[in-house]
């Protein structure tokens, strides 16, 4: 008798668990349609009339959030302006995001692949923007290409992607790069700027030869070609004036003592200018030791973290006098730049990161391309986007976007894609300083917003 | 050349000072309880982030905050032992897994609160500024760190050799069973050991990080790897070995970074290579004895 | 003083101790003899809490101690001088003695005890600054005994004090045991060398394969032919 | 003689299978296999096929990996904290031969796995002298060295640098076919690993684990068998590594050599329960789907409190690990099986 009760109980239990799993699965399969919201799109708007932009980035981290903010902000502006009309039907824009976990030091590429698939097959996005870490993007880009979906890169600078477009156009034609310009072009702009800067500053100090150039870079793949180019070309560009010190390629897990020893090493070698090529945490260590020791050289180069407005506080003000490449700052880079900058700060309470500018421009460009093509079909949209060349650029907030034929890569150089050079100045403000690659006053007004300030201790030492 | 040698000596010494503080605690815990505490680096990292968080709700008196943080981390070390490690201490895989879990949890918790953005905590510097000589400038906080480390290590050595608790710690590390026969509560001693170890890691962070930076939630692992190298070099559980090993690792790292071509990118491989070489040649370390068990 | 009732202990599934009954009066010196692997050391390990018995009861001064941790038992006044000495080899002789007196709170008692053990083992006094690991085997054994005396124990458990020692040193050790007995410390001695054990103790238990096979006073046992043959070699 | 025995075995096999199928473990295994076989066909929904189903594929890849770790550590007692060495090396070799030499995918998979075996030999021999935590440290150190070497930009011309190798072909563009390829390989791998652990070889491994000096004394060449354990384990870890590379269509240093991978193997195997082998599969499925569920849940809003669960996913992960390790020392597979068996017995009316 007892065993029978037990038996019945067990069967009931299994039935309950079975039904539970079934219901769970049903809810899980049925839910996505109802549950997905697309921020930015007008509420209650039909999914069929919403163009959904998928943001692939690292949720909760600055780059991923910037990508989302930029895309969201663009959608908001587009929708406020009445959306886009295709064949007499009004479409609005919405955004959605997935976490690719790209900025995790222990990057696991399968997360990015998973996120990409979620965007494509779950959120059913129409276009995707994002990506900033090449290793991750290299893995998940394949998903978008397999799904024949237009993907606009907003953060990764490696040439590889556009080389792939060039080599196997049929497989990769859905990829476009909106931000930043590729690393080769970036290298060129850095080289010209630096060469000009070295010669100018040397002229300012008759009592001191500014000629010894050091490089401090993290030992990762993206820097190798850049560092190689600086080493080989900078002396030539300065007419043999600049001499290069042995470059320091450091392990990214370095400590403060290591950084101190590298900086002291550069000092001992007699460096006058040090070019950092840093994307990760090394920058803060560098500036901290630099400010503390007041080393007798200038820091002028790439430090991605330094582009953030929080960097001043993060370093406790030690980043003062650092000059770095920055895609956009509040200046008249294009006619839209200043207005965008202010509106962005009003919306989000902080400055837009370069990825945010890229995502904003990318989504705006998608809108224009869709309108021109009068279709959502990538095969019709791609030719429209390809038609934006140097004679017919697409006006954005971060520059005039024009693509080289076949590569879907940005054209570099004023007035198309170029980077600004900004310096942290006492008091925590940043100034766009004059550089060879752009005029002080451009087509839309003043580009530079201040003059370069030589760190006072260096000034004393040199004069 | 002169500047390079000073650079090498100074930074090597600073490395040694910081590694010795961190590795000492690690080695102590291993020696006493055969506990491989993978959360040791996380204690170091957590201290740094607490220095960052606490000023927002405590009065901004640096030394007070620093003291509270150190006490906090010490208590966390103790709790980690009582709640997590003690029930598993007989299985080496279990201890490793649980301490890894703890380290991973602390790391992710810090990540959720502060992300991977680096931060500065320089308001906790004890001595600001630098001391300049013609060819080199010494960071004062680092000079202080070197002396503080030497003092702490000496006090620690004195404590271990003279105090009653120190003697019981040594007794437990040499023969746990015999120690318990003497009436020593071995688990209690292990608890104190873990707290001391967390305390040392925490002190190291308080002394060092203000002159450095919080380099993201995963920065603890590098110090843990260095601790491995140090204790493998000096001999697992040998305290003298830990200190000597720490300075050796410190100088070798610094030497590689300064004098070897392309050294900076190899400098962090050096401790790991030391681990492998020592394990293959002399697993018991320079000062260690062959394990009897 | 010590009362063991129906004690069972298993190593995994192997029976190590089976129905041990043992009663020790205050001030007595009793010995447990038996061949290698009979479970003599295990018995002491169970008493001092290093192993937890599977069944049975151990009472010390009327209190149950079989479920206590070793350090608690040590604090109750049971000192265990373990097999193979188990000294703290990296520490000096005097540090070993300090640790022996770990549970002792009274400083004057400590000094008194130290004087006492240095009297029994003058060699230790000479070598008090030396590391225990550098001592000779006999000296190590002396230190082990001295160390267990330092806690001023009510009951001393002594495990194979003669193991691996030269005959001459064995004698010294057993003279010391005799002195300790005269000092009034209750002692349970486990020893393989039956001749020596029986020479000092009043009452002897014979442990074979985990069971107490025989017991009696020295005189009683000496009459047993099996004891004569196997243990005394007569 | 041997042939006849084999023949007899083969002839008896259907009967054996039938009787095995009615036992509890056999029935459960067959049930699981049936479920795993029908799962791909349950829905045509794109999300189901492209997002949900690949989680199974991924879980199976990690199940092979974790099982290989269990073979080395659980069965043979050689504690490895650097299993990512084999996982990563095989992935890289496979990727290299496909991308740079144009080899067919399957040849590259075989080469990758064999490369891992070679590394098993390479790591196994020097690590022979080490025991327990020292061995753990040694293997960990080896994996860290490889990770750093592959990460260095200045060595990119040898080790492909931080960006690794990308643009590999998938096993199949159709997730269902990919699923079944991995499924078949998982079954084969598990059968082989379980058979090894039950065979004479497995007995030798276990005897080395339980008492190395004893095994040595009874005439077992422990050195040889330890290296064999390393090599077999490395083969399966390598197989999983090549599949993982093809699943991602790319390899990079942290993704393939990352210390986290080694720990994943340990976590999964010990969650399921050491030495059970099948526990590794349970652990792999548990962790992969835990992550999946946390991402699915996404943002929770409780009043004013907004918690992004997907941000907390690793913290929750770690917490679960701590709880499981702390309170379920034997892993969760055996207790679950025991309870299920009770239920089964009740259902069968026993």
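Which chain is which? They are A, B, C and D, in the order written, and residues in each are numbered from 1.
By definition in this document, a contact is a pair of C-beta atoms (placed from the backbone, for glycine too) under 8 Å apart; a residue touches a chain by one contact, two chains touch by 3 or more.
Because the structure is predicted, anything quoted here is derived from the model rather than measured.
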Touching both chain B and chain D (chains): A
Required minimum of steps from chain B to chain C, each step between chains that touch: 1
Central subunit by CA centre of mass proxy: B
Furthest chain, CA centroid comparison against chain D: C
Chain C and chain D: spacing of chain centres that average the CA atoms, whole Å: 52
Where chain A and chain B are represented by their mean Cα positions, the distance between them in whole Å: 37
Euclidean distance of C-alpha centroids - chain A vs chain C, Å: 76
Chain D residues counted as touching two or more neighbouring chains: 148, 152-154, 259, 311
Junction residues of chain B - those touching two or more other chains: 112, 262, 265, 268-269
Sites on chain A at which at least two other chains make contact: 60, 105-106, 219, 249, 251
Set of all touching chain pairs, with the criterion as stated earlier: A-B, A-D, B-C, B-D
Contact set on chain D toward chain B in their complex: 73, 79, 81, 126, 129-130, 132-134, 136-138, 140-142, 144-145, 148-149, 152-154, 259, 263, 266-267, 270, 274, 311-312, 314-315, 317-319, 321-322, 325-326, 329
Residue ranges of chain A in contact with chain B within the complex: 60-62, 103-106, 219, 246, 248-251, 253-258, 260-262, 264-265, 267-268, 281, 283-285, 288-289, 292-295, 305, 308, 310, 314-316, 318
Chain A residues touching chain D - in the complex, by the definition given at the top: 3, 6-7, 10-11, 13-14, 25, 28-29, 32, 59-60, 99, 105-110, 113-114, 117-118, 120-122, 124, 134-135, 138-139, 142, 146, 158, 160, 164, 218-224, 249, 251-252
Partner chain C, residues of chain B touching it in the complex: 164, 167-168, 170-171, 174-175, 177-186
Chain B to chain D touching residues, read off their complex: 34, 36, 83-84, 87-88, 91-94, 96-98, 100-102, 104-105, 108-109, 111-112, 221, 225, 228, 232, 236, 262, 265, 268-269, 272-273, 275-276, 279-280, 283
